[in-house]
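One chain, chain A, appears in both complexes that follow, with chain B as partner in the first and chain C in the second.
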Partner chain A sequence: MDEMKKTVLEYIADEYLDEDDEDEVSYDSPLISSGIVDSFSMVSLKRFLETKYSIKLSDEEATPEAFDTVNSICTLVNKHLG
Partner chain B sequence: MAFSDSTRGLFTDEIEKIKEDGLFKEKRFICSEQDAEIEVEYPEGAPHAKVLNFCANNYLGLSSHPDVIKAAHEGLDTRGYGMSSVRFICGTQDIHRELQDKVSVFLGMEDTLLFPSCMDANSGVFEAILGQEDVIIADRLIHASLVDGIRLCSAEYDTFKHMNMKHLKKKLELHQDKRTRLVVTDGVFSMDGDLAPLDEMVDLCNQYDAMLLVDDSHASGFIGKTGRGTHEHFGVIDGIDIITTTFGKGLGGASGGCVSGRSELIELCRQKARPYLFSNSLAPPIVNGSIKVIDLISSSTERRDKLEWNTKYFRDKMEQAGLDMRPGETPIVPVMLYNAKLANDMARDMYAEGIYVIGFCFPVVPAGKARIRVQLSAAHEKEHLDKCVGAFRKIGKKYGILGLGKNEIIEKYGR
Partner chain C sequence: MSNIGSYNDGMKDFNWDIAKDILDWKEGEILNIGAICSDRICSRGDGNKTALIWEGFGDKSARYTFDDLRVYSNGFADFLSKQGIQPGDRVCIFMDKIPSLYFSFLGILKLGAIAQPLFSAFGDESLEVRLASAGTRAIITTRKHARKVRKIKDRLPDLEKIIVVEGNPEKLKEGEIFFDVEKSPRVEKFDVYHSTPETPSVLHYTSGTTGQPKGALHVHNSIWGQALTTSWVLDLQDDDIYWCTADPGWVTGTSYGIIGPWALGATQCVLDSGFTSSRWYKFIQDNRITVWYSAPTAIRALMKDGNELVSSFDLLSLRHLASVGEPLNAEAVIWSGEVFRGLKFHDTFWQTETGAMMITNFPGMEIRPGSMGKPFPGIKAAVLDLDTHEPLDESGKVGLIAFRPGWPSMFRQYWKQLDTYRSKFVGAAENAMPDELRTNPDLWYVSGDRASIDKDGYYWFVGRDDDVINTGGHLVGPFEIESALVEHEAIAEAAAVGKPDKVNMEVVKAFVTLKPGYEPSDELELDIMNFIRKRLSPLAMPQEIEYRDKLPKTRSGKIVRRYLRAIEWGEEVGDMSSFSDE
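Coming up: the complex of A and B.
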């Protein structure tokens, strides 16, 4: 789980933050509700998770709530990995 | 009655939530022509106030231009009030063809198709030209109408960081396995007023075999030396595959939009774009008025030159007054306040000073980046600009933000 969290966190920092961005992201930082990730750009994160962990996330699962923190994202991914 | 009390309650609760979130849009009534000086009834029922308008998209000041009004009257007199048809049944007049041809020449594109609005153009274009084998790669801050259109299309989509060419390159590399790639951007972004680096984007699209779509709604008519748009500004007129734009902003301000670009893509829109196929034709007075607008701005750059002068003058004076603005060269001037309450309070006080501006906050702009967006027009005279700067100076002083930078404003008011 820790390795997954680290991987997801790194991806989010690289994909969503600019080099001069003052925002810092931790495992429980709000991503969607803070505006770092929005509903339009969330598709990149979803695709990354599906490719990286060979899973398929349905639209019903990929909600703003489920994608709001690294912790909640990893909980969702782990459900699929069993 | 199907609309029971409990059903009504659901909707009432939702409206209350919008109010609680500070996102409720109040009614404001303009009781005059759209112009630099307008009469406003706000709040509803209040006596009319004469204010200077700094929040319209009337960039070229053509909304109430006598020649445009005369042309619209002529359209009404010679071609009637409306077409009572979609374009492809019996809704296309000679003047629709004339406007399309003139827009193609003005924008430097091969062909053009009119839509009821640019919102409709953006809703329809993607689905008409792309399928599930394709990918759309969009700047993250594109206009909401483009987002809606992309979501209606079966093509896969991806996004890149705002105006970040390194990130766009990465995404183009990632999607080389798709049949076609379409990169999507605004020419001028409506909230920040920044210009998409179209020269670099054209280079990348050439390198990675991608098409490029630009929504130039906040640029057509005044960006570029002869007002053709962002592609003229960057010297890449031939490098753009599709431009979507509106007649509802600089180009007269009435309504209507278009998709302009490579002839095959326009033909596909004519055959398949649903907002084109299933919505009424643009009304003849608007078509004739828009033709006059294109004629006016094709024969003289006077109005866009005045707007350019106004923009530089206003930005210089505001900087001297100590307001924190996003740097730029477009007539969209974001006065950065970072705190939503501060932006709304200052906008309200500006209105009391006779200056009509609006505060914008999350989710319309990113969290912690609240601002007042000032929009300049060729209809503004120097004294209008001076009055606006004077009001910002007075209200800025009241809130103690003159001369403060981002960190100092945030320290004082929070984000």
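Coming up: the complex of A and C.
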């Protein structure tokens, strides 16, 4: 789980934040409700998770709430990995 | 009793001067949107009334009176003037929905300059195209977005001033100027520019099928259309608390998120945070919002989250709901009636070019779920035959939505694109100039959308008449996406079309062929998606990429988008005889 959190956090920092960004993002930082990741960009984040972990997330699961923190994202992914 | 009374009341003896009567505006008074929305409200004795209730992410919140609006917009006007900005200069506003966005918008107009608001999620390439087109002289932004400006500023010789209004001033780069209007000395008096009705005010960029985005130029006279439609359609009254959810990077956010409501002296709310249903409902509950103007995409997202969530909030303050951006489906109208105590969303139809509402559902009028409603009084609308461009009399027959020119908020030109402007008018003479086109009552301005009219005069949206993609209520041009796609190292050719989507109506789908040495893969698809998201915007990012060996083309080599789009929508492909055999 820790490895997954680290991977997801790194991806978010690389793709959605700039190097000199003042925002510090942690495992509990809000992503969607803070506007770091908008609803359209959630699609590419979902695609990343599906590709990386060879899973399929339904639209019903991929809600703004489920994607709002690295912790909640990893909980969702882990459900699929069993 | 609603402001309009009834639709028939509104139609009786209509003229646009009714807007001046509603504002009690007399000939000889200054006609400047910036001043009418702030100074004038204070002059009539409402300086202490709340103008803006703002909430940002986390616990950030602020309230501003109309006197604050007056002083802070003066502050921006004064600052820009001291920076050498002149009337007529284009000043871009590129930031999230923070209070300085609203103050600077009014300040730019008070100075007589042209406000050019751009959606803050635009990537550097989208930004560059629009700044280069407009010859923008100054940009007002925040530290968060300034980095996109830095990447492109050397290629923009007209861009002389980069003004940063939020963030750590110590982290600014050379040539950037920091200005925090709320911490600067209050500017009590500013000599507002005496604009005429035809003085340019706002430049909004919109996408078309071909070429790069076009700048639709509006003038100060637009305020009459915006104020009257705000009064009659949104029904804003003195004690209302109003929320327009649109971002002022798009026309709804300026016409109905700034100009219309503040011209009337209404209190409005702004929420600057990411979308979640519970956050939105809480915002309505906490601020006792009464009138809510939103978008179908958001309404469908709220629907998706279910009725139980709605009932966990106290939303009894709501009294009137309206919607804009793309057609509001019948299910969403019916749903809102069920969960909001019989209040149904009133769909409204208009465009960047029209500047104000054109076809709408009015308070008190029977709503036919799925219909756009009826033309606003004073708007001469029709549906034109697709081939002959003659108005159709037959109910239910599909044609092009068109309007007779001459309403106050009509756009005055596409910035430096006269031929494109002319092409929007059926019957225009070959050399007609913009002033002739916009005042000729014998022409038709063609909207680019298709609809039919039923026997009772209700309009029913059918779809776009071109390849422009309407995603989440925002128009995205396929050409702009395709141009960016072929800049990706793996892509040889590309076509972008809209595909159906339950929430956003359409989302972008790209068809691509790859250069030799590249193979289709999920990783490549993700890389292409992120490439477009960063260069253009999240809206323009393809949500699906289909790899093909070749793309359908005409014999002259032009990619046939309509064929790809038809497949996505399950429509008839049509005549393929002109396609290349290759």
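The rule is simple: the second predicted complex is superposed on the first by the 82 of 82 C-alpha atoms of A that agree within 3 Å, B and C clash if a C-alpha of one lies under 4 Å from a C-alpha of the other, contacts with A are read in each partner's own complex, and residues count from 1 in each chain.
Keep this in mind: a residue touches a chain if its C-beta (ideal position, glycine included) is under 8 Å from a C-beta of that chain, and two chains touch if they have at least 3 such contacts.
Predicted model only: the values in this text are computed from it and were never measured.
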{"item": "Partners on chain A (chain B, chain C) - clash or fit", "value": "clash"}
{"item": "Chain B versus chain C as contact partner of A:32, first or second or both or neither", "value": "second"}
{"item": "Touching partner for A:82 - first (chain B), second (chain C), both, neither", "value": "neither"}
{"item": "Chain B versus chain C as contact partner of A:51, first or second or both or neither", "value": "second"}
{"item": "Partner chain(s) touched by A:18 [first = chain B, second = chain C, both, neither]", "value": "both"}
{"item": "Chain B versus chain C as contact partner of A:40, first or second or both or neither", "value": "both"}
{"item": "Per-residue touch tally on chain A - higher for chain B or for chain C", "value": "C"}
{"item": "Residues of chain A contacting chain B in one complex and chain C in the other", "value": "15, 18, 34-35, 38, 40-41, 43-44, 47"}
{"item": "Residue ranges of chain A touching chain B (in the complex, touch as defined)", "value": "15-16, 18, 34-35, 38, 40-41, 43-44, 47"}
{"item": "Residues on chain A engaged by chain C in the complex (per definition of touch)", "value": "15, 18, 20-22, 30-41, 43-44, 47-48, 50-51, 59, 63-65, 68"}
{"item": "Residues on chain C engaged by chain A in the complex (per definition of touch)", "value": "57-58, 96, 121, 143-144, 147, 167-168, 171, 272-279, 301, 305, 471-472, 502, 507, 522-523, 525-526, 529-530, 533, 538-539, 541, 543"}
{"item": "Contacting residues of chain B [partner chain A, same complex]", "value": "138, 140, 147, 157-159, 161, 164, 362-363, 366-367"}
